[in-house]
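My questions all concern the structure below.
Note that the chains take the letters A, B, C, D, E and F in the order they are written out, and that residue 1 is the start of every chain.
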Amino acid sequence: MTEFLLAASVFILLMVAVGLLRVLRGPADIDRMMAAQLLGTGGIAALLLLGTATALPGAVDVALTLALLAAFAAVMFVHSGGSS
Amino acid sequence: MSLALLADAALVLLVLGLAFWINAASRAFPAVVGYVAFGLLLALAWLRLSAGDVAMTEAAVGSGVTGAVLIAASVRLRSAETEAPPPALPLRLLALLLSGLVTAALAGLVLWTTGPAPSLADQAVQHLPGLGMGNAVTGVLIAYRALDTLLEKVVLLLALMGIWSLAKDRYWGGIPGPSRIQPTNGALILLARLLPPIGIVVAVYILWVGATDPGGAFQGGAILAAMWLLVMLAGLRDAPAISRPWVRLCVTVGPAAFIAVGLTGFALPNGFLSYPDSIAKPLIIAVESVLTLSIAVILGLLVAGPPERQP
Amino acid sequence: MLVGNIATVVLVSLGAVFFLAGTVGLLRFPDSMTRLHALTKADNLGLGLVVLGLLPQVDSVLAALKLVAVWVLTQLAGATVTQLVARAVWRGGGS
Amino acid sequence: MTPATLYGLCSAVLVGAGLYGALVNPQPLRKILALNLLGSGTFLLFGVIARRGAAAGLGGDPVPQAMVITGIVVAFSATALAVALLLRVYQETGRTTLEQPAPKDVV
Amino acid sequence: MIWLAATLLLPLAMLFACLSQTLRYRMSNWLSVAAVPGLGAALFAPEASLDLPPFLLRLRLSLDLPSAILLGVAALLWIAAGVYAAAWLRDDPRRGRIAEWWLLTLTGSLGVFMAADLVSFYLLFSMVSLAAYGLIIEGRAADAQKVGLIYVALAVFGEALLLMAFVMLAQSGSASGPGDGLLIRDAVAALAVSPWRNAILALIIGGFGVKLGMVPFHVWMPITYRTAPIPAAAALSGAAVKAGAIGLLRFLPLGLALPDWGNVLTTLGFISAFYAVLIGVTQTNPRMVLAFSSISQMGVIAAVFGMGLGAPNADLALIVAFYAAHHTLVKGGLFLGVGLAPLSGPRRTWLVLVPAAIMGLGLAGLPLTGGALAKLAIKPVLGDGWAGTLGILSSLATALLMTHFLFRLAALPEAVAPNALHGRLRWSWLMIAAASVVVPWALYLMVMSGSVAYALSPASLWASLWPVVVGATLAAGLRPWGSRLPRVPDGDIVMLVAARVARVAGRTAAALEWLDGALRQWPVAVLSLLAISAILAALMLVRV
Amino acid sequence: MIAPAALLVLAIILPAAGVVLALAAGGRGAERVAMAVIAGGAAIALAIAGTLWSTGAPLSYIIGGWAPPLGIALRADGLSAFMLLTSALVIGAIGLFARATYVQPAGTPERRAPLVFWIMLMGVWTGLNAVWLAGDLFSLYVALELLTFSAVPLVSLEGKPETLAAALRYMLFALIGSILYLLGCALLYGGYGTLDIVLLSRLARPEPVVFVALALMTAGLAAKTALFPLHLWLPPAHAGAPAAASALLSALVVKGSFILMVRLWFDSLPGIAGDGAAQFMAALGSAAIIVGSVLALRQERLKLMIAYSTVAQIGYLFFLFPLAGAAGDWERLAWTGGIMQLVAHAVAKAAMFMAAGLIGEALGHDRIAGFAGLGRALPVVMFAFGLAGMSLMGLPPSGGFVAKAMLLTASIGEGQWWWAVVIMIGGLLAAGYMFRVLTPALAGGAAPVILAARISRPRQAIVLGLAICALLLGLMPLRPSALLEVGRTTQAAEVR
């Protein structure tokens, strides 16, 4: 089971890495923001998988924190007028 | 290579790739977005290093709040970009050489020392029961090295004062952040109504769980600050004028309480910043709770920036 | 236990596929609006399935609740961000 | 290759990348970003050392971990202050360059 | 003992009193009083010594016969100049501040003769050197600022050499650093075995050479004496400059026979002596002429020291002190005369020129004057060889220069001053003129145990007279050509070299400024930071 | 009755509490709190120094009873006592001086500059006292950051664009410095499992990890000390800050990181660096002296001149490494000389910057070319300026003279005469830039100077008092100070 979860986390991390290309390519800042959003979700998923696989203490709490703050960056972006 | 190591390797490669991207991006904004992602991945790395407390701090502060500050700044500074040319090529090569040298030295040292490192873990754990704590990191922060934590709170206060000091004189005592007629945004308002209650619960939980598991005052405070900022961003509440007595009170009460508890230690055999055995845990939790409040307000105001409007 | 493990494998694998889909969408779709669409699917379903898949692996109700809370919170954030972004794109600033 | 070594190498590269970025990026905001990279690399080194000091049933030595937490807080305060300063400089001058006027040639 | 303490404390107390605005403006009337304890010390306590209480800085003062002579005449000159200054500065709005600088300079000037340990010597020496700066820039000259800067640059340069020398001396003399109260005597005694003897001697000669105005360090002297107020110029040229003489007296290891160093010093001295005359005769301002004469005379003193350094002579200190004492009175007096001449109306010839002639030609050894006795005293030291010959030639040259001075003095245009002034100016002038004859005679008879018969023997008289006559005749003969002599830029031709040096220095400074600008670029600074850590690590690694 | 060792805690906590209280009180309260802290802090400094003086033994206090390596110890040796006294004196003077500038009139709304100034003043003091006393390298890191965070807002207190940029540059460069220092901390902890200074001194061996750590930390601290060629930030920051702040920054803040360097080289990792590295540091110091002085000589504005003079004077401090690091008869003299240079410069430079501030206020500008006749218009201020300048030039009797004489003696005694030459040249150049200011002020201009503002007598008196202190330091005997040796010989002996 552990191996499976690890493999899944590696896979999702790789997906995240590929998704990062959008951050690189843009073209608009809003695309980058979205890619970061995906990365956040993927990261949380990978974190949960890793945490469960290797019984890391506090992994879910970290995920909780990340989830709470997930929208924060994007909201800041829109609020600062980044989308206009 | 085991799968776990593969996961580590993937993580490290991602982290490094982002680091290079952050340096190489042609504009600030993509770099900043990269940094937000970088912080998130770093939190994962911290977990992999069995440092849950750090992971949580990194997630809340390194990625979350720092990212917010940087994103806002990069948007405001958009029009100032491409002003200065990068240094000449020989200079860049020299820079590459020298920073590479530092990396090589550090890498060499990392590879050279492979055995278990000297550690204070035993000692730290040994004294934990006396404090009624289960989380050694919290023990270090609040007891063994409490002086650092105390001084770090003063650093936070000074940083806040530093940011406030950047206000124009006429706005002193005013409200942080630029005024903006915010188009009401249903989704954002909904989020700002829904999330904070949950956030507060989580923050309290993290503060509480910090005694035994990863978590603590700072992480809790950061979450609270984020919730508060969310409310401000949604336009539900304006940022408070910095001259408000309650702002001053909230900002200072934590450090003040910490100092006060520290000073009462003089009455105890172990002196300054020691806790009486019998009530160590409640006392520590009490101090941490007040600190959490102060940290939340300070962090929120640090992100909000200097006053830019009259109250 | 075995049932749980099978459920985990199936659900997590499905979640991973959605992440794949989201990523492909993010990369291949031509404009911001469609990319947003792909993204939200991955967000919602990918993480949701992973969380569902992990539920059999946890041993306490609190832990399970926290897992679900993570998903719910991400959904909330994702929905809002999608809204904001979509509006921004709609206003024409995005792409 | 243990995970600790892997992350140790990662931290070494991060430090180098941070230094390089702080050196060559002309924009102050990018310098601030690079400094954060540099800081992250440093913190990660603490983490690696903590990991290698795992004992007493802990996954890592709590003392350096606590130091990192303090460090992250300080680093965040520094970022916030530096960014606020930068924004104010921009507000006042409309420019963000940090360079002083280049020296005149010897006549 | 009380005299020694009072010599330092009275002027300092008066300086302290200057904190009060009212007292400060009245202080110029009382300047003469400040030097009285100095005279008293020389007269009544010529062998005294005193350790000031070892409260923190420990000053050790002591007098011996040579230093008492120098202290006495210096005090006498300061008194006379003080009386003169009271009148001269009466309506000067700057008199308050001049008085402050005056008192500070005076303290150093008199104190330096008494200092027995290294630290207090350096302290008092710096005091006289640097406080003189204040007197110089308070003069009314338009270029006082520039002059002040040149003066201070050289003075500080000299002090730097001395500080270095003292530090090295102290290390030869004790195992634990300069400490407190290390006596100059002991430090110099250890010079015999010091590994740095040559370096120390070079630094000492250089350092005091600046003070004595030895070529090429003399640049400061003419311009400052031209700039400072007359009574201050008198005190500086007569008394303050002797800080250099007492320095050589105290610090040269006169007991060791060092013929090489002796020859060097003698040669340098004579170069100064003749070079200054050469330049001096081209000058038209009598003050400048006097200044060049000072350079010349200090050269002679240096030459005498050189001879003594080469061949130990138990009486050398006394002889030099005697010679220097005469110069103190004469040179100080002549400056007072320069101030008085334009004011004395039709009585200029008898009131100013005649006494000035006696004093000036006395410097060249005019028989019966104190100068003749001084020349008589140094004669055995210079001997009969090349040094002796050069000594006689220098007398001749001095006579030439002083005759030139008398012409220039006579030619000064008339000026008008209130009658009330004249009394005190004249009184102090005549007092110092008389002293320039009486004091050397008294010293000659009482201290030097010289015989009247020898001094007045025809051979001695002739030996002193002919150079004066020849020199004076030459000067008179050269007078018609005087206007055709080349004009030397303000002060000296060395100034031209100085200008070039200044240009080079300016260019170097500009280059450094450019370097600083380059290094202060952000990328360069960060690179430096990394380079420094790399170099440090490398240096630590290679050691292992 | 408080145990003497508890004073060490109070020395740090009192100004820290002052920061908190002043912020809570706001408005007029800030100044009152600051005044109380100044009085209390001075008393604490005196008490600590007095205890060390009378017992001749160092003090130490273990925080919370958690002994190092797990916990943190505060330690006061002779060096700490010297620095505590110096900072109390200088901060006290600056505080009194600044009362005229940073007033908060009764019944008016709170003003920005006064509140920020008073809080940052106490912040600086917290950081400084923590640097003087903390016995743990990580606590020292936090202390350094305290200094940076309170120094930066002081630079930009007036909010002018150029000072804002200067503050930003200072902040960023200082940050690189602190991170490099922290990196070194990580390496040392990784090597020996402790960051306690005394424990490290027992454990540390000359091996690569220590070399890299020490090199990084030294370079980082040198950046914060503005050692040439890392001084890019200092001239604009120190010249641009308001007078009281400049005085604080130039006199004390740069010394904090320097003392930390001294702690590293002499207390924590003694003898590790070796002579080559020590010579290198002194060589950089020499370059600082020459270039800084020449640049000071060429400045047209008084405050920039003083700032460059700081660059130069900092250079002298680095002679401490080769001279006090070498075993031999002279190292004790060099030790006292080096620290005296630090103290003398702190006192003199504070007086100079405050004098420059008064001159600027009175004239409305600080262009040296416009100083003709200033000596008559502002006699007391110019006198104080001159006295302070004496110390910089190293003229007797002044603290600067004592310091330079001791450094000179030690360098000659140890056969490292080349440093002596640099010290002499530095003295000459210092005389050059001082007299460039003094000469026109004392001599020039027959026309009376028109003052834009009147300067109150008490403020002039404070500047003069501080300048006289710089002079009185010159009464110190020219031998190793007994107080400064407290707690040092034992450690040095232990290492040898």
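Keep in mind that, in the parts below, contacts are C-beta pairs under 8 Å (C-beta built on N, C-alpha and C of every residue); 3 or more make two chains touch, one makes a residue touch a chain.
Source: prediction; values computed, not measured.
Engineer: What is the touch distance from subunit A to subunit E, in steps?
Structural biologist: Step count on the best path from subunit A to subunit E: 2.
Engineer: Report the chain whose CA-based centre is farthest from the CA-based centre of subunit D.
Structural biologist: E
Engineer: Counting only C-beta pairs in contact, which pair of chains has the most of them?
Structural biologist: Greatest number of C-beta pairs in contact occurs for B-D.
Engineer: Hey, which chain ends up farthest from subunit C, C-alpha centres compared?
Structural biologist: E
Engineer: Which chain, with its centre taken as the mean C-alpha position, is closest to the global C-alpha centre?
Structural biologist: F
Engineer: Roughly how far is subunit B from subunit E, centre to centre by C-alpha average, rounded to an integer in Å?
Structural biologist: Roughly 70 Å separates the two chain centres.
Engineer: Taking each chain's centre as the mean of its CA atoms, how far is subunit C from subunit D in angstrom?
Structural biologist: 32
Engineer: Could you please state the distance in Å, as a whole number, between where the Cα atoms of subunit A are centred and where those of subunit C are centred?
Structural biologist: The separation of the two C-alpha centroids amounts to 10 Å.
Engineer: Distance between subunit C and subunit E based on Cα centroids, please, to the nearest Å.
Structural biologist: 94
Engineer: Which residue numbers or ranges of subunit C touch two or more of the other chains?
Structural biologist: Residues 69, 73, 76-77, 80, 84 of subunit C touch two or more partner chains.
Engineer: Going through subunit D residue by residue, note those that touch at least 2 other chains and give them in order.
Structural biologist: Residue numbers touching two or more other chains: 15, 18-19, 22-24, 32, 45, 48-49, 52-53, 59, 63, 67, 70, 74, 77-78, 81, 85-86, 88, 98-100.
Engineer: Of all residues in subunit F, which are in touch with two or more distinct other chains?
Structural biologist: Where subunit F meets two or more other chains at a single residue, that happens at 70, 138, 142, 145, 149, 152, 156, 159, 164, 169, 176, 183, 187, 190, 193, 208, 212, 216, 232.
Engineer: So what shape is it, when you link every pair of chains that touch: line, ring, star, complete or other?
Structural biologist: Shape = other; not a path, cycle, star or full graph.
Engineer: Per the touch rule above, enumerate the chain pairs that touch, sorted by label.
Structural biologist: Applying the touch rule to all chain pairs gives A-B, A-C, B-C, B-D, B-E, B-F, D-E, D-F, E-F.
Engineer: Spell out the part of subunit B that touches subunit A in their complex, as residue ranges.
Structural biologist: 3-4, 6-7, 10-11, 13-14, 17-18, 21, 25, 29-30, 33-34, 36-37, 40-41, 43-44, 47-48, 50, 52-53, 55-56, 59-60, 63-65, 67-68, 71-72, 74-76, 180, 182, 188, 191, 195, 198-199, 202, 206, 209, 213-215, 219, 223, 226-227, 229-230, 233-234
Engineer: Mind pulling up the subunit A residues that touch subunit C in the complex?
Structural biologist: Its residues touching subunit C are 1, 4-5, 8, 11-12, 15-16, 18-19, 21-22, 27-28, 30-31, 33-35, 37-38, 40-42, 44-45, 48-49, 52, 60-61, 63-64, 67-68, 70-71, 74-75, 78, 83-84.
Engineer: Touching subunit B in the complex: which residues of subunit E?
Structural biologist: By the definition above, subunit E touches subunit B via 523-524, 526-527, 530-531, 533-534, 537.
Engineer: Please give the residue numbers of subunit B that touch subunit F in the complex, ascending.
Structural biologist: 102, 105-106, 108-109, 112-113, 117-120, 123-124, 127, 143-148, 150-152, 154-155, 157-159, 161-162, 164-169, 172-173, 243, 248-249, 251-252, 255-256, 259, 262-263, 265-266, 269-275
Engineer: Inside the complex, what are the residues of subunit C that reach subunit B?
Structural biologist: Its residues touching subunit B are 69, 73, 76-77, 79-80, 83-84, 87.
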